[in-house]
Structures are given as C-alpha cells and as structure tokens.
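Shared between the two complexes below is chain A, which has chain B as its partner in the first and chain C in the second.
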Partner chain A sequence: MAKKNKSPRLSGAPTGLASLLASLVCVLAGLAFGFVVLLILGGITMSQSGEEFTFGHLLATTWEQGFKPIVQGGFYSKANMMGMAVRMEILQAAPLIMTGLSVAFAYKTGLFNIGAAGQYTVGAFLALYCAIVLKMPWWVCLIASGLGGAVWGAIPGIFKAYLNVNEVITAIMFNWIGLYAVNPLIYQGGNGPMFNLKTTKTFTLKESAPQALLPTFNVNVGGKGYFGKLFMPTIGIFIAIGIAVLIWVVINKTTFGYQLKACGFNKNAARYAGINEKTNIVLSMTIAGALAGIGAGLFYLSGSKEWEPLVSTILPAVGFNGISVALLASSNPIGCVFSAIFISHITVGGGFMTAKLFPSEVSDIISGVVIYLCAFSMLFRGKILKLFNRKSGTQRKGDKA
Partner chain B sequence: MWLLLKYTLLYAAVLTLVALGGMFSERSGVINIALEGIMVVGGLMGVVTINLLNAWGVPAFLGVIIAVLSSALAGLLYSSLLAFSAINLKADQTIGGTALNLLATALAMVIAKRINGSDSPKIVYSTNSNKVFNSANFSFRVGPLTLNWFLLVTVLVLIAAWFILYRSRFGMRLMACGEHPQAADSVGINVYKMRWAGVLMSGALGGIGGMAYIVPAVGEWNFEMGVAGMGFLALAVMIFGQWKPLNIAAAALFFAVFRAMANIYDSFGFLARLGWPKEIYNMMPFVASMVVLAFTSKSSRAPKAEGIPYDKGSR
Partner chain C sequence: MADYVIEMLNITKEFPGIKANDDVTLQLRRGEIHALLGENGAGKSTLMSVLFGLYQPESGIIKKDGQVVKINNPNDATALHIGMVHQHFKLVECFTVLDNIILGAEPTKGLTVDRKAARKRVVALSERYGLKVDPDAKIEDISVGMQQRVEILKMLYRDNEILIFDEPTAVLTPQEIDELMEIMRSFKKEGKSILFITHKLAEIKAVADRCSVLRKGKYMGTVEVADTSVEEMSRLMVGRDVQLVSHKEEQTPGKVILRVENMTVPSRVHSNNAVKNASLEVREGEIVCLAGIEGNGQTEFVYALTGLEKMSAGKIYLDGKDVTHASIRERNSLGLSHIPEDRHKHGLVLDYTLQNNMVLQRFREPEFQRLGFIREGAVREYSDRLSQQYDVRSGQGSATITRSMSGGNQQKAIVAREIDQNPQLLIAVQPTRGLDVGAIEYIHKQIIAQRDAGKAVLLVSLELDEVMNLSDRILVMYEGEIVGEFNPKTTDVQTLGLYMAGAKRAE
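Now for the complex of A and B:
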C-alpha cells in the first residue's frame, strides 16, 4: 500500500465531451442494472405471495412502484406534497456536492480521499457544538464545521507526506476514530450538553439554537411559493454551488491550483520545478477535509435532522457517496454539482418505492454499480474518443477531396 | 482472563484469514481494498446457507462444512469483479475496490430485507430450532477454553499459505508478478493468470473470514453495519505483517487483543471502574494501527508493482 499507484485518469485533461458521454453511459448502465434488480425482487415477492401474474403485470408493477419513483426522484408526484420531496432532494444534494468536491479536489493532487465520511462526522460535531452550546450564528458554525473537517483531512495528508503511510489507509482508520470519538462526546453518558435525553438525539436547532439555522428561500411559481411554509429549502445548495465554482477557479486559474495538479501528474517533476510536494499534499488534504466538513455543516444546520449518537454506529453514507459524485464528474468541480444532484435524486426516489416490494437500498446498488463502471470508464472514454476521431478523420478526407 | 483469550483468538483468526487473503492479492500485484465488502458477502452467504441447510435438515457437521465452503465461494465470485476490472480492464484498483465495498453493503441490505420480508436488515440464525447453527457445532473445548473451529481452519490456512508462498513454484511466480511483472512475463509466466489467482484466493479467504467474524459473535447480525471496518483492519495487519504469512499472524494477534477488549472490557474490574465509554475501546485497534504504521511505514517493503495495472505492451 505504501506505493502510490499511477492512475491513468489523472494524467492529461480528458476531453470534456468524451468524459461527459462516458459518465452518461455509466449512469444509464447503472440504471439498467437497477431495473433488472427491481424486476428480480418484484418477481420473487409476487411469486411468494402465490398469486398468478404475467410478465407484463410484473413489468408494470416494477415500473410503477419501483423504477418510476427512482427516475422521478423528488419530483415523484405521489410524494412531492408542497415541494416536500424536492426540498429533500435539494437538502441532500448540498452536502453531497461538498463531499464530492472534497474527493475531486484531493484527486487533482493524485490523492484518494476516502476519509470524507470521517471529516464529515467531525465537521457535523463542531457545527452542532457551536450552534447548540456556544449559540453562534450560522455562518460561524459553518466555518467551524470546515475547520473540523480540515483537521481530520490534514492528518492523512501529514501521514502521507512525512511518514510514508498511504492516505487511503490513514483516512479509513480516521473515519472510524472520528465516529467513535464524536458519539461519546455528544452522548457523555446521557449528560452531554447537546444531547436530548427525551429524543435520544441532539437538541433540535429550531428549539435550542434558531440563530444557527441556515436562511431559507422559496421559488415563486404561478404567483405563490412552490414550497410550503414548513418545507422551505435552505440556501445551503447555493453555498455549495458557489464553493464549487470557487474550487474550479482555484484549480484551473491559479498558481496554487497549478502546483497541486503538477504534484498529481508527476511528483518528481514537480519537485524539480521547485514545488514543495510535501506541503502541497498536506494542503490538498486539508482543503479536501474542510470541504467535506462544510458539507456536514450545510446538512445539520438546515435543522431537518439531528445527530443520533446512540444509533449512529455506521459511517455517514454521504461521505462515500462523495466518491461516486467525484468519479461520475471525472473530478470536475462543476460536474460535481450535477452528479451530486443525480445521486441525491435516485436516493430520494429510492425511499419512495413501495417498501414491501423494493428495499430503498436498491438506489445504493445503482450508485455502487455506477462507480464500479466509472472505475474503468477510461475504457468507454477511449472508445468514444476513437469514434470521434474516426468521424473527424473522414471529414477531413472529404475536405481535401 | 479466559474470556479475553477466547475473543483474542477469535478475532486473530478472522484477521489472519483476511490479511492472508490480502497478502496473496497484493503479492500478485493487485491492491485489494475490497476485502471489507468481500467479508460482508461471504458472511451473508454463510449465514443464509446455515438457515437454508437447517430448513432442509442437513446433519450438523456436514452443514458447517457446506456453509464455510459456500461463504468461500461467494467471496471468490465477488472478488472476480475486482479481478476483472483491475486486471482485464486495467482500471484503478482503489476505486474498483471502493465501489465493491459500497455495493456489498447495499446488496447485503437488500438481500437481508428480502429474506425477512420486512424492513429489517437483521438476519437471525441462532434459534433453538436451528440444528446447524449451534455454538457447539462451531466450537470445541480445551480445558477451560472454548475455541472456535475457525481457529483450526486459520492455523491450517496459515501453514498452507507459508508453503505455497515460499516453497511452491506457484508462490514464487506469484511474487514475481507482484515485483516485476515484465520480467515474469519474459520468462513465460502468464501475469494475468497469476494475478487472477491471487485475487481469487483473497476472495475465498475473505469470504471465510467474513463468516468467521459474523457467525460466532451473536445469534443475529445487522447487515447495515457490514463488518464494521474489520476488512480495513486486516489491511493494516497485512502491512504491519510486511506481506509475510508468519508476521501477519503475529500482527493479527496484536490487533486482536485490542479488538477483544471492546467486547469484554466491562468484565474486567479495573477497566470497568475507569468508566470509559465503549467507543474508546472500539477506537483502540484503529488508533493502535495508526501508531504502528507511523513507525513502521518508512521501512515498509511493499510488493513493487502493486497497484499498477499490467499492460503487455508498455515498457
């Protein structure tokens, strides 16, 4: 593990259109796989119930109760009352954009940040601590969450740069260390200042710290708000998109971004050019961690969910879904926005399937398949590029004649 | 004290099995970060098989053997997905492995919920009516110590692994592919085949390891938590053991002590009196692995070609 693998994905800027098409192929293949899974699950359940059914019937049921909710996501009409489901999708997209950016940013320096889940956890803790205990306004809490994530991201960077430990291993270990540290810190045997004994969760921000709630917005559709009074989404999504643009500028238009990328392309060449690759590794991981931490801040400061220290025994999935987001976007910050919305779309939609027939984790299977395909999307990309070249090649011949 | 020893040996067996699997894969040149997911798949398959065999009324001893074999087979099949992407398609091995980890938990949840026919991802396998699963069928006694069959399996696998790696033609060729695949290819070794073999071996061992982790623990398993980072710990064990079978076994014992503490700290007078939350003990193996890696990684001797896809045409 001590050796860095040279990823072909890192070298050379892939032509934008080809990688977009490759990602779309991954998504379509993932969705197709999901449909087959749903079909099988539906078939098993229906045959178990003992009633006669035709394949057409099965197909219709799978479509109506399984695939349609997934494809329509937050816009699934049966669930989207007063914009509730769309709000949920927006709410989940914001942290996903951030964890996706986190993974993508580290990737530009040739680092694989699998630690977004831990950075997210620590960020969530600091955001909630500043909100509930210190009664800080929301933007201070957001900065605090970023700092927490930054510290947790810097650790794998330091281990990598100065101790030669692969960042993947360190990040994985610190995911668990973070989780096992945050839970007792919040719970404290039931006496934690943020812990509500009645609900066994942290206190809701609405009651204990309304000053820390992110501002909300509404969209005017036909003279009245699209979202109901209780279902107004927060501005978190705009903050996330703003940061995505900022990251794009940093990577593509600044000397600092150039140095980071140089380290990713070729560490030795970068050192030869006078770039301190060790500092850059630590910096890159620190910023990546901060991004994931802010993601947690955006989610928990929206006030729609509390941390549950007694049942949060698994790492937050949004950290790992960030990997899917970044890969699907081929590490393009702007692409992360779209791929995060896609992942959030199918996750929210998955929850609207008829639970008796289709477990909501089918959407996790879809995103799992999508990343698996993304791992070798280079292959697709190469094929697509070849196709383009052949076409343009014949055109050029035509021009001559 | 016996309890500590019992759990230490239990977890050491799991870690050794899985880390030996990782060793075969990495010695052939493929980073297998999917061990965690492979363990989940193997564990799920083992548990499901136990329940199925019980329903069919298979004799207990035969049932245990079949269940272990089926978990190995499940792990092997699942690892072939990694082998295909990493070896044939030359994909990034870390990403492919991560995808398989995510996929494994999602698959396990869906399958567990389907089997239960409800929204619970828990599979219960220890009931009085379950003849195959009965802790007596999985364990034997030595004096005051109740030991697990998996311990015996582990010792056999360990000995076999040492012989395969250092005393067989296959092992030498495997190591050559992880060190310098071009050189190996030039003397007529099929690098792709050897790497496939390495990954599949890791899949089978990871599958058994997953079952060894899940089955003896309790009577039911919640697949929402997968195997709680055990596969990643096994990776640390493998690095700490410097990709050598005997060192791996020693490293596994070291980590297993920490892992066992989390289970039984409250039965120790002085530890219980400290009043630390359970999470501190859960955290310990991960902290220990970081400390150990920080001190040993500088002199680490990983297989040279590990993580680099082999391309016949490249120079």
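Now for the complex of A and C:
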C-alpha cells in the first residue's frame, strides 16, 4: 500500500523498506548470538579435552569450523560435494516456503494455522499413494497432496466458523490424527502396498514410480552442469516461488484477498459490510492446508527421501518451522521465500560444523534467536523509521536553506 | 502577575505528516476551571499527553508553580500532583471500587494491603465531595457515571492538585452531567485547578472561568467565559460562523420505505428480550428519530434491522419487500445504508487504508473490480472524490491508515461512504457521538439533505438536542418498547425525558 503513496510526506513510503531492514537486523543479531554460543561451546569442549589453547586460537577455530559453515551453508562443503549440499538446501527450502506460506496466509485472516504439520503429513500420504499405487504422473500427485492438505486444513476451519472452536486446538489434534492415520495406512502390518519390508520405508520413487518424480534442472557453470548428474535439484523450488507470488497477488490484488484481510483485521466490520466471515474462515484454512500439503508433495516427489511409518512418530518439523518462516517474513508471501531459504541455508550449514566441537543444533538456536528477535522487529522498524525521518528532516531543512 | 499553577509555553509537537501542536501556550491559574476547546484533531489530546509525560514536545517548556519542570513519563506527572480522568476509563473491571482506587498507591501494613485504612480514607473523601460510591461494588456492576466517580476518587486519593478531565460528559446522562458540574465546582472551592477538555459549549458556559481555544494545532487565544458568547467561542474554534440549529424546509413524507412489525429481539446479556414487540414506519422524505436512554433496546433494534442480529419474532419490510430473513448484503443492495453506533467495531477496518474503507461494501461492484482483481486506480479515485466532497481530512490522503485519523474524520468517512451509496433508507446511529460542533453541523446538514432528496432516514440518538433539532417524528424507546410518538414542534425536552425515564407512557 505504502509504495503507491505519491504525497510528498514521507512517513508512509519507507515502511516496507523499514520492515525489510528490521528483519535483516534480526538475522544479523541472531547470527551474532549464534557466534557467541559457538564460542562458549567450543571453549567448553576444548578445555575438557585438556589441551592448552589461547583465546585467539578459540576465536579462530570457532570462526573456521563453526561460524563459517553456518554462514556459508551448502557452499561451505568441498568442491566435489558442493552440488549435493546446495541441492539439499534447495530441496529443503521448497517445502519450507510452502508451510511458511500456509501459516502466513491463514494469519492474514486472523487465524493461526498450527496444523501445517498434519496437513503436510496427509499431503505426503496422498502424493505417495498416487505415485506408488496409482502410478500417476508427478503433477497429479502434487495436486493430490494439495487436496489432502486442503481437507485437513478445512476441518479446523469449519469447526472455527460454525462451532466457534478455536482453530489452534482442533489443528493440534488433527496433527496427531493425521500422523496416526497415515502411518498405519502405509504400514498395514507390513503388507501395505507402498511399504517396503526391506528398508522399512515406502518404496523409492526411482524404482517403483519414476513417472512421479519431479522434473530436475541444472545450472550451466563454465560449460558443464553445476550439479552432478545424480544430484540435480527438482523444479520444486520454482513451483514454490511461483505459488508464493500467486499468493501475494491473491492477498494484495484481489477482492478475495480484500475480504480475507478485512475479516482478519476486524471481523465485526467485515460482517457489517456483508462479507461472510464464516465462509472466509473456512476458505482461508482450506487454502492454508493446501499450501502445506503441496509442500509435502514437493518434498516427497523429489525422490530423495521416503516416508518411514515405523519411525515417523513425531510430527514433521517442517510444519512447525513454517511458523518461524512466516514470523520472520512478517507474513509477507515473498518474504517467506527468503526466510525459508535462509533457514534451510543455516540448517544445512549446521551439518558442516566440526561435530566434535559444535552440535549441528546450533543452527536451530540461531533460527530460534532470529525468530525471537522478530517479536521485536516492530520495535526495530519504529527505530529505523525514526532514523529515516530524522535524515529526511535534516534534508528538508537543508533544502530550505 | 497572576498565580499560575501550570504553564505550558510555546509547545510544539510534530507527528509524521502533521503538526499536532504548533506553538501552543496554556496557562492554568490556581483554583480555576479552565476549559480547553477545539475540534477533533485540533491537538487537545496531544497537548494533554505532553503535560502527562506521554509525549515529549519538540520545543517549548512546562512550568509548575513558576519553576520549569521536565515531565518524562506519567510518574513524573503524578509526582507533580497532576491527575487525569481519561475519556476511556482506566479501570480493572473485575476489581472492587476500593481496589481500583488504591491500585498503585496501596497503603501497606507489613506485607499486606491495609484495606481498612484505605477504606477509611476513600469513604472520607467520597463524603467530603459528595461522590457517592459503594467501595465494595465491582466496576463491571456499576454504571458509567459511577465509574467516572471512581476515576475522580483515584485522583483525589493521590492528593492531585491539578485535575484534567478529558471529555468527561460524553458518556453521561443529563442528570449525571449536572452532578459532575457540581462536583467540579466544589473542587474549585477547595482550591484545586481543573483543566476541562470538551467541545460542548454549553458546559463551558456552565462551569468554566476561562477557555483556551485550539484550531488545527494552533493556539487561538484564551477568553473569559463570562464575557464571551457561545457563538464567539464556536467561531474561534471552527474559524467561521456555525449554525448551532439546523435549518430545514417543510417536507411532505411520501410512501413507506421501512416497515417494522412486532419486532422482538432476544438480549445477549439477560434472559429478557432486548426489543419487545416494536413496530414503526419510516417514509420517504422524513427523519424519524428513535430516542431513549442508552441500553433501552435501540442498539439491538438496529442490529436486527440491519441483519447483524437475529430477531425471534416480527417482520421487516424494505420498500414493500420482506427482508426479515435477508442477509446483510441483500439488505445493502436493496438500498439500506447504516452509519453504525460504534465506528471502530463495525464502521471501519482500522488497519485498512482510507480508500479500502471507502469501498467496504462496494468492492464487488464492476466499477471497483475486474475478474476478481481490485481496480486500485478506480478505488483511489473514488476515495479521493469522496474525501474531497465530504471534507474528510487525513495525513496522507486515501493511502492513510484509518487508525491514524482523528475520530471526526473517521466518522465523516463513514458518513460519506454510506450516503454515497445513494440509499433508500439511511439508518444513522449516534452519527455525531464525540464530534465537535463543526463536524456535527456538517453531518446534520448531510442527513437533512438526504431527507430533502426524498430518502427515508431513521436516526437513533441519545442527544436530545439532536433529536429535537433534526427529526420530523420522535419515537421514544423504553426497556425495548416504543412508549410514545411525538411531533418535535409540539413537544419539549422535559416531556420526552419523562417518557425516556419510563415515568410516563402512551396507552
């Protein structure tokens, strides 16, 4: 809205920029905090090992073996492995963008979709079922995953709209219902049509359903592919980015988005204006669910991981990380793309740290701190805006002189 | 030299896009009642927030008893014995009166609150000033007038010498207003100094000694109330002559537009019905006013009429069509416009821009959307046109977030939006609540213009002046029933008051 402001007064114009800068401040502060944590952890481990070390040594070790991998992410790894690591980053970013969008979209209507994990689970099941059992092409599987998520999102929406049951409670319960429905359906006492007894996972798509694998792409660097033949990333990331743009358009440019936001900001005024807030709640949750479901489709149809019904007794973390993504992006769909890539980046980087010194979970601490700081991003935004105003204030005075 | 207890000299406070206070000076004498008069958005609240330490001015100084003081936060203000009754009370609903009064200044005995001592003091204070309250009643159970007394007692309990009242009469009944005026006079006798923010000129005439006027952030001067007429004060405030009584032509009402038959609406608060068997008609070219004391079913009546609430019995006909079960949107498209009682709850999406609010019902029309995409340009143009036509002022034009606009301009935006839909029936509920004379005059003119254009207008108002001034017919509602019908030309405020209070009813 602000960028269309053509009036000479400046207070509206930089708010978008200020939000972006505020998010960047959060990221930098989070990284700084992470560095301190690494220093402490490294110091503890090194002093326990009994060897003599100076602070300078500790600083250098932490920088080289801890902080650098995190900041460089997939690009830290050795040249021959880099393609694979970067592919991992891209691969993990796609579903993260989708669950982030899921949370952000529902939030625009004033709803908190904590059920992305369950919607993701159901989406994964339908994608794999269509792929392995029904032998459908990838795009049908992807649509199926979206439909699965949509149904799982719609249910809390219906409960909220027509029975006034808080969507958070229903969504949490449906997370578990989804998980404990999907696992036995795949396992079926070992006889499930998708279950491979040898690996105790679902069949790999490469062997059983190559038609359902997402197409891959390569980047040409110096006359040859950047990614090795076996490690080409899927087009999932582009689908996710495309959907993010689509969601941005829906929210900001359409009458549908207008209604959703009106309900989110002020339910009573929306009702007064003849907007059916119940329909909007259900629709919003349905779409949010579909987004999370597609996220699962993008991940499992890439063929790099299989569902493990016997091990998967915890909800997929990507569902909850979607909340972090949306928070970091302050619910801006385009912002979700960047924040998802960031979180994926430092997570992959965390894996490259010298394991005997630094646990890879430090990347979780960093993203945690970043998210926590996001709560203050409004504060940062205010400060940055003030800075802007002061600057342009002196400019204005200068103009007069 | 006069004995000033508080002086605010050359205060300037800027917000992005607006100078809220521009070189404002306010001098409060010891023991006087000093009115601060100004339109909405004139900068009264900003000035008081500066005095209370909520804002820091860009320039200017504050003196207390001739000494320059720095007020950084409300605690500093309290230490200087400055107290304030805010327009929206700051009370803990589920606490007792006594607990609310001592909250933050509790007398202690060891580790416990010494309620006995506190009660003694509160009772003594309330007797001394005639502020009757029950110390053990809970805030949620007492009337708004009582709540205000609690706020006043809070100031007295803290030995405040300078008492600020921010639009204290907006929420009170006529009797309660009289009592408040009496209380203010007794404070003055005690030597306390009072700053009284208002835009009701009659009240200034009744109690104030002097009056400072602000207009658009600028200080217009201070006058002796006794030597200044109401007209002069309003001219100072608005900058032009204001018609305090609206002028309207005779009109012969046409066909019936709205017919309500035996409407009954259940109450959300109690088991009784909020509206009982109410029937009325509104015809083309007439303003029918539903008068009554707050909480006698008018709100629920309008909710049912507009579709916000379900009714349990009765029928509604709009231009002959039965709309009893129609949705809000259907009623809208049949020509019903509604200026809601609560502009923040129903009237506006405060976090939307002004232009988005201007098309709150109309965004689906082909003029404003194509294939489901909002036509931003058209919305902007429409909003610009309405803002200009209806004099809606805002910092950044149509792109202003509505929350940052002043109450008067928010209300004007709603009025503009509702009238521009060219309704057959305009329902205006408390359309001028909390507005200044300039805005009131403007909105009254718009309502009369609708009537003169042959529209049916149903006005719901608690302000008897407004009722007498605008309406062609008056219906009085008491405890959910319509208890009398009057012609404003042949009745008077006293008679209406009797019906409103339930002392009399038509058979």
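Simple rule for what comes next: the second predicted complex is superposed on the first by the 382 of 401 C-alpha atoms of A that agree within 3 Å, B and C clash if a C-alpha of one lies under 4 Å from a C-alpha of the other, contacts with A are read in each partner's own complex, and residues count from 1 in each chain.
Operating definition for what follows: contacts are C-beta pairs under 8 Å (C-beta built on N, C-alpha and C of every residue); 3 or more make two chains touch, one makes a residue touch a chain.
Predicted, not measured: the structure shown is a model, and the values here were computed from it.
Chain A has more of its residues touched by B than by the other of chain B and chain C.
Of the two partner chains placed by the overlay, only chain B lies in contact with A:163; chain C stays clear of it. Of the two partner chains placed by superposition, only chain C is touched by A:266; chain B is not. Once chain A of one complex is fitted onto chain A of the other, the partner contacts of A:274 are limited to chain C, with no touch recorded for chain B.
By the touch criterion defined above, A:184 reaches chain B but does not reach chain C.
In the superposition on chain A, A:258 makes contact with chain C only, not with chain B. Touching of chain A by both chain B and chain C, each in its own complex, is seen for residues 1-2, 4-5, 7, 9.
Listed in rising order, the residues of chain A touching chain B in the complex are 1-9, 37, 41, 44-45, 48, 112, 114, 159, 163-165, 168-170, 172-177, 180-181, 183-184, 187, 189, 313-314, 320, 323-324, 327, 355, 359, 361-362, 364-365, 367-369, 371-372, 374-376, 378-379. Taken together, the chain B residues at the contact with chain A in this complex read 26, 31, 33, 81, 85, 89-96, 98-103, 105-107, 109-110, 113-114, 117, 119, 224-226, 228-229, 232, 235-236, 239, 277, 279-280, 282-283, 286-287, 289-290, 293-294, 297-298, 300, 302, 304, 306-308. Touching chain C in their complex are the following residues of chain A: 1-2, 4-5, 7, 9-12, 253-256, 258, 261-262, 265-266, 268-276, 389.
Put simply, chain C touches chain A in their complex at residues 16-17, 306, 308, 327-329, 331-332, 338, 340, 345-353, 356, 360-361, 363-364, 369, 372-374, 376, 380, 395-397, 399-400.
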